[in-house]
């Protein structure tokens, strides 16, 4: 498979959008504008961007507590995301969800989830709907390396395999749960080998190589739809920031963090590749400026937008 | 390893005890003497007898809803078991547990459990105690093929492997959950291969060959204690009776049931082997008579014993 | 008008749903060829096939979780918890997902699922197969909780639960499955108006008795006993435990001036305590002529032996005694 | 007498336990080098090593389940649920195992475990990280439930929970972790006599206010406000929610003739409803001069935005209003 130039630029643009979106959040947080905590995926943009851009709008994703990238990747409006984190009426969840729980049904995002592994069984159910409705779409389920050890993971993969459901399990292995190194938490050979044990074809990829992610998700999607079998991808990546805002990063070295930042950064690496392939600094600069502008205006608009009105929340609890 | 003649006779005796114990229960049930349902392991005696007799008294077991065999195997008094099922004061649980929940701490049985896979995490905790207390004992955790698909199974095996706990997971694969064939419920290669995926050495054995069970449990125990690694055995067996008393057996053929009864019965097969090896019909007859007698007198004594008095059950709920 | 047991009535309701809603399916353990542990789904596999009657592995978390995901994507799942005790393994999808997603996502999604389960004691199945856990779910905003007591309301309430746009926990007491009565086989309603409505089973002036699920039948036995024939009791079957129909209860108590609540579950943090607490916080407080009373199961796990089991569960005689003490 | 925050007080209690009980250990997610999501186990790994401070995978079911198995075999486990909301993943070991085994096995085993968890809202963590689920566990026979409100009782109650022979659910409201006060570092008690004892925080004659956990602090704020300086309120901190110390409450209500209960959790099937229900079923019913009242969280999942979150959680002002309405 070869990735077109347009797609390449789009992949770059999306990674930049995610990075700048989260850097803007960080800055808003430090200015005391945000209530609650948040989980930044800075450093992991390639997985979200590559995976989501390989999908159709009608393909669904389920996301995690570290879900800003997934959400943007699937086409969400940064303005509505900022608005959500600021508790504004225009936010995706009208200020009820916040950072950890943004859903964007219009773009096929079934929602971020504050519960580790909470979306695995949900993705299986959504895939069952596709199967029953005979739709040619898949569900892509994002989860972290920490989620692999929850009972839900096991039950979800077993059922998806037994019932031949069109679901792509995508583990973002950023090598740590909150503080626990994945090798201390996952017994056995590897995370990908866990998929095998349910009879699900599983591969491990470089999650910081955005084209590799894009291509393997595209291929997996095709295979899922042609073989009627679920698939499993372990994408190896790394987060630069602490787990959440209260993290002192005691469980890893700054050498390790710097190694990933310096040597493996998905955006830097991809820029290098694109320049080699003849895309110009000017092309990229134009994209980056546009993204910066989007973020800047979105933040401003969100800050200027009205708070979510206080409605009857007991009534809002029921459909 | 060679099994001594004494052990051989003991293995035979134990299988007979379990068989006759449950046949007596069946008969009591049909006479309306028992309240509640029960799960009979008739046909599966070799696994319980072989496994339990390979353990020391200080080794622990955890058991299941189909646990009469495990309990007897670990040395329980049939009288106290009958008494329990009849709601008598002398019952192991003073009439509070019944068929599905007999514990016998004095013989190292941490208890049967009415929850499928309910004892897996408990066995891991008990094994952790052994590890912390530096004891040279293991915990043998019995569970059915149906339990393999519960989230608890996954979490328990992962942790046992990570922490090098002295636990032997023993799956009694009688090929059905309640009505669901194990191959429709367990995705992937085999139940034993599930063990592998956690880095736990796993084997499949003939669960109707009592010596094979005895020997592999003995070997596994030695290895667990010398390597400090958990182990996993899948013992293939078959239940003759319905899942519980309400089963119409619609999910399997009578041919299949008869095949196992006629060709694979663990007791019949073992008698054949023992006779070949020079043990006489008279030896066996003596054992069988003794067992019959034990059952007969235990039933009678239990029926004659007083009901559990009605105490303050709210107080009994707390230690 | 056929005479049906509760089990058959539910089976009929399920059949009708599957017939009329192509996007409806049922999932659960042993619900196919076995027909369910209590026979409720008997015959449905034959009629509707494996696509719609989905036998699952023993894995309650994914059973409930798949229902949530399916419901968010235009399917209409009904799932069975073989014994409602096993719902403990499905608390995340039910409590942290189904109950919250509609609100948490700002109203953008609905999660219309029905989780049916066999609840209650009386069969000697002991502590892990005999619980009445419905009170828990009433504590969880976003869930509705429904408990039938007889064939007709089992049939109707299940249809209404099905068309409700919210997740509904539907608890069927094991001992009601065999209760038989004539049942009007109503059509599927266009909305769930029956949910949230208590039903006055008998009108009376001396005392209001509030109950639900199988305990309603024990109360019926008590008030129709010869010994109590002089007493005019108003019996209210809650039917829906969340939301509670407090208006019906308060109106009744204001009339009778006495309130007795009867349930099988233990008292602490329960439906019965809530009913009493709500009544005394209402205007009806001042009309109460004596202290209200809750007859409930003991605060004890369920023992297996019959004579101990009946000690834990309120019996007709206990209810009669409470009525006599109050009137 | 050191000044400690609640977090530090619990940390001290844990330290003491680990020092004095070689068979005690702690297990949970990120409790080692990270020191726990709320810093409660900070430094314990250094002192006690990996054998006793056991960092686990993210797997709540086995965390609680291993505690049950360990407790049955002479260990004394304390486990941490990072946020108590995740206890939904551990309901089987807690509810169907820990709570029942002692009774179900006829008294042959004890399951002395402590399950600590960070509960409650107020940090903007939204619906899945802000629940107050303690009422559920009060509904389960066999469990004890404990909720500290300040550094001293956090310290003492944890020690008493530890020596109790039963499974104890110990819910620490997130917002109390930072509250500081002088703490007497008592020794480990020989029995758990403190469990089941409510504490009268201030004596008064005009109204009895029952509360627990962080809401106690809101009530304190309310009754010490200038606006209410004329009102003599008797404030009772339940401390233990199961078993409930009804005697202390009833005695107080008989004196003040008025009962207000304040909690963060929603009302249905809750501790607060139980307190009111129990009081009106007692002799205190006739001494009540007006209807009792429960101020509780809304029946709604917790929203993330601050202004919505404070709408769901009772605020000092809501409590003041309720008091003014009643006195």
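All chains are identified by letter, namely A, B, C and D, in their written order; residue positions are counted from 1 within each chain.
Just so it is clear, a contact is a pair of C-beta atoms (placed from the backbone, for glycine too) under 8 Å apart; a residue touches a chain by one contact, two chains touch by 3 or more.
Computed from a predicted model, the values in this text were never measured in an experiment.
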item	value
For chain C and chain D, chains touching each	A, B
Euclidean distance of C-alpha centroids - chain A vs chain C, Å	40
Chain centre separation in whole Å, for chain C relative to chain B (CA means)	36
Rounded Å distance, chain A centre to chain B centre (Cα mean)	46
Multi-chain contact residues (two or more partners), chain C	57, 59, 61, 85, 89, 92, 96, 103-104, 126-128, 141-142, 298-301, 303
Junction residues of chain A, two or more chains touched	93, 95-97, 101, 113-115, 118, 149-152, 155, 158-159, 162, 184-186, 313-314, 316-317
Chain contact topology (line, ring, star, complete or other)	complete
Interface residues, chain A side, partner chain B - complex	149-155, 157-159, 161-162, 184-189, 193-194, 196-200
List of chain B residues in touch with chain D within their complex	60, 62, 91-97, 101-103, 105, 110-111, 113-115, 118, 120-130, 132-133, 139, 151-152, 155-156, 158-159, 162-163, 313-314, 316-319
Chain D-touching residues of chain C, taken from the complex the two chains share	85, 88-89, 91-92, 95-96, 99-100, 103-104, 126-128, 133, 135-136, 138-139, 141-142, 242, 244, 265-274, 276-278, 280-282, 285-286, 290-294, 298-301, 303
Touching residues (chain side chain D, partner chain A) in the complex	29-30, 32-35, 37, 55, 57-61, 85-86, 89, 123-129, 298-301, 303-309, 311-312
List of chain D residues in touch with chain B within their complex	23, 25, 51, 54, 56-57, 59, 61-62, 64-75, 77, 92-93, 96-97, 101-112, 141-142, 144, 165-166
